[in-house]
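A, B, C and D label the chains in the order they appear, each numbered from 1.
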Amino acid sequence: DRPFVLIAGPCQIESRDHALEVARALADISRRTGVPVIYKSSYDKANRTSASAARGIGMAAGLQILADVRAATGLPVLTDVHTAEQCAPVAEVVDVLQIPAFLCRQTDLLLAAGETGRAINVKKGQFLAPWDMANVAAKIAGTGNHNILLCERGVSFGYNTLVSDFRALPIMARTGYPVVFDATHSVQQPGGQGTSSGGQREFAPVLARAALAVGVAAVFIETHPDPDHAPSDGPNMIPLRAMEALVSRLAAFDGLAKQAD
Amino acid sequence: DRPFVLIAGPCQIESRDHALEVARALADISRRTGVPVIYKSSYDKANRTSASAARGIGMAAGLQILADVRAATGLPVLTDVHTAEQCAPVAEVVDVLQIPAFLCRQTDLLLAAGETGRAINVKKGQFLAPWDMANVAAKIAGTGNHNILLCERGVSFGYNTLVSDFRALPIMARTGYPVVFDATHSVQQPGGQGTSSGGQREFAPVLARAALAVGVAAVFIETHPDPDHAPSDGPNMIPLRAMEALVSRLAAFDGLAKQAD
Amino acid sequence: DRPFVLIAGPCQIESRDHALEVARALADISRRTGVPVIYKSSYDKANRTSASAARGIGMAAGLQILADVRAATGLPVLTDVHTAEQCAPVAEVVDVLQIPAFLCRQTDLLLAAGETGRAINVKKGQFLAPWDMANVAAKIAGTGNHNILLCERGVSFGYNTLVSDFRALPIMARTGYPVVFDATHSVQQPGGQGTSSGGQREFAPVLARAALAVGVAAVFIETHPDPDHAPSDGPNMIPLRAMEALVSRLAAFDGLAKQAD
Amino acid sequence: DRPFVLIAGPCQIESRDHALEVARALADISRRTGVPVIYKSSYDKANRTSASAARGIGMAAGLQILADVRAATGLPVLTDVHTAEQCAPVAEVVDVLQIPAFLCRQTDLLLAAGETGRAINVKKGQFLAPWDMANVAAKIAGTGNHNILLCERGVSFGYNTLVSDFRALPIMARTGYPVVFDATHSVQQPGGQGTSSGGQREFAPVLARAALAVGVAAVFIETHPDPDHAPSDGPNMIPLRAMEALVSRLAAFDGLAKQAD
């Protein structure tokens, strides 16, 4: 029942300057609101809708920038891994390894991530029932690593649409592992723009409030100084300038939800 | 942005004594928590899963009991109507007519309800998109009656399961009509027990909190002194003795959600 | 394992001439292909998306036209009923009463329909699991009328979309009642055009072939001389001039499916 | 409009003897029915529900057995790949590389598979709309390899359930690539037995008939001499002794579907 953690950052690592700009803003927000922040950004978008979409800066350059963010701001950092081989080198730099939703059943990736000893944030697949995440967590726990976060990011609901089932939060919490709500990807419209995914940015704060009212350990919100020109997930990222007010509001809901019943 | 209203009561009108017992308890809760209560109960369950399930006390007897509840407690009362013919006589007794979800597209029923001039609470069909409720409301508004409430009660998600899409609340609010969240039927498992519907009572308070954090005008929660022996919706009704604590908690979330942003 | 029956006709009864034109064409197709035809048309569209959409010719005029169709062509006729009161007068004219999908759980309607002794075609609700149709059929059978048809017409799949689950056909057949596949409404996109439903006419023949390969007693296909100018369901009706070729193809699939395994 | 191909075999490569037994039986069925067969079997189940489930015989041993099957029976062979690194060595042995459904958006895997020049069978993700497979195919085609098959294997429909949308077959065919229907995994109930997936074997032949009536280039059906004791997918595999009758029936539907309209 500790206060919630905010996992935030731009979808992609665009450049060192860009990453530091966002990280410093988030560190300021963390100081002013008292909400702990984990900085999130990806060095590779390995499953874009279309092959022509930007893939990202690459692992070596990306990890160097994440190390710089960590050193410059003191924020812990999180990034996603896509193959078993990436886990060890990524774990040398980041605090939290993230397993993408499409890959949440890939046993070798889960085991390699678990063996790093780092915290692992597993996104629940869009095709998975919340109770089935117990099996996913058990794969990681089998490595002796119990530092596991389980993350709801929407479940398939017809075509090109996701729905957030808030029953999933208490159901996943029965595993004993902290539960994260990803407000950004829950409002994604997968493939909804033909060769890229659409999104409904306006619902991200709404669903984040709902998640905190239900009770979660962390909320995941991607943010960008200029979402409409971001290389990915622009339609569902929150403008950086709107984050402080949002985080303050969310902290109030979190505090209320965690008062003794 | 007025405080939320609680629509509550036992699923069925079982007897005059039973109705008054629950209504007096709810009136007390309303007084102590400051949350306005509308008393809800049905005189006919017109669409039970199985023909052998209890149908209810009937319209004449039911309306008399609702009139008694109203007189004895001062609570406004709500009940559902199933045919155009029922609307006028029901409107002589109750404050709010409710359109069942399966019937939310039946034009004659909507028009007859609208023409009574009473407030109308329309449940969104389990098969309907939230934006399609604008057409439903327009049918009623065409009678000159704009006293309309739009109610989310879950949407079909595979077989025997509903999911609550909290984006539906702000989407329906764009109509300008107050939005209600039905926490009881949203956790129903339609037909899930073979010849009756199942339910997941434990998630009703969870989803109610989420709805109030998102922001709604009213929450609908069925309650019963002994849900496990109720003639219908037992698996998803809240025990009456648990209601006061729940309503107090919900009021806190409502207050927070309605603070100036 | 008798040959399949075609239930066909224009969505709405538009006029006596229009009805007779389509009925005569269908009677000719029946003669030439050997496929028995039941003529289907509605006198009232009681649940249109929007109140401003055309409702239909009304019950009295509609029943007179259906009687004329029956007399002029010898085809049995089918129409849908929307209230318990309509069942008896409709049963005086038509051979098959049809229960609309949204109303398939309304007990009074099912009982009144059953009590007419006529055949009853019940559309499965878009919100209902196929195994739950056993309870629906049992309501009718409780009146002593076992002349029941169970009809698949698509199940909710996200918003504004239906999907045809072909497992539903053998599952409903376990009841012992003949199973119908409605190829027209299965490709409907409910509410998909804002104030009316869209449709995907091109998939109706595809799904009808699949249904006959799986094995059904009847296929339901709406047809119109000029679908693009029809007052309802235009986007999913088959042009009348395309029906004979389609019916011949379907008969071949039916024959193959019903060969001894 | 050539006759359909049957992709068949046991889910896992269990041993050399087991593989040859099934392959010889399938080669006999192919000879007797005239239906071309591609032998399918997996050397690694990389995404089992639970970490304690059997993973498989491994790549080196598995590829040797597939080479033996190919040599002994003359059947082309197909197996799935899970990482970019596996593609080149697997392509030295097999005729068709298969991309698992969960991995159908992993760009590196698609590119590595495409670069082998082998035929690629891509399973459509349970989370993907059929029109979005055009983007998936374009990733592979970008390598210059147009030898692509697109495979429907069910789409998420609530929790632990899939539904087969037969509109997906003509929609995917618009890409110009041959379309495969996987009748085995379409009747899977993912995670439906707690720590393993359930299945509904009885519906596989039903859905295969429907697919052939709609029109496909190939059908995928897993088979096993003793499905109830198979290490994976037992609940949805067809007993080997039932395959010949099934294939003969399917060939008749295929022939009818491909007659000139």
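We take it that a contact is a pair of C-beta atoms (placed from the backbone, for glycine too) under 8 Å apart; a residue touches a chain by one contact, two chains touch by 3 or more.
Since the model is a prediction, treat every value here as computed from it, not as a measurement.
Of all chains in the assembly, those touching chain C and also chain D are A, B.
When every chain is reduced to the mean of its CA atoms, the largest separation from chain B belongs to D. Chain B has its Cα centroid 36 Å from the Cα centroid of chain A. Each chain gets one centre point, the mean of its Cα atoms, and the points for chain B and chain D are 48 Å apart.
Remark: chain B and chain C have CA centroids separated by 33 Å (rounded to whole angstrom).
Of all residues in chain A, those touching 2 or more other chains are 155, 157, 159, listed in ascending order. Contact residues on chain B toward chain A in their complex (touch as defined above): 155, 157, 163-167, 169-170, 187, 200, 202-203, 206-207, 209-214, 245, 249, 252-253, 256-257, 259, 261. Those residues of chain A lying in contact with chain D across their complex are 46-51, 55, 82-84, 102-103, 105-108, 110-111, 125-132, 135, 138-139, 142, 155-156, 159-160, 190-191, 195.
Those residues of chain D lying in contact with chain B across their complex are 157-159, 161.
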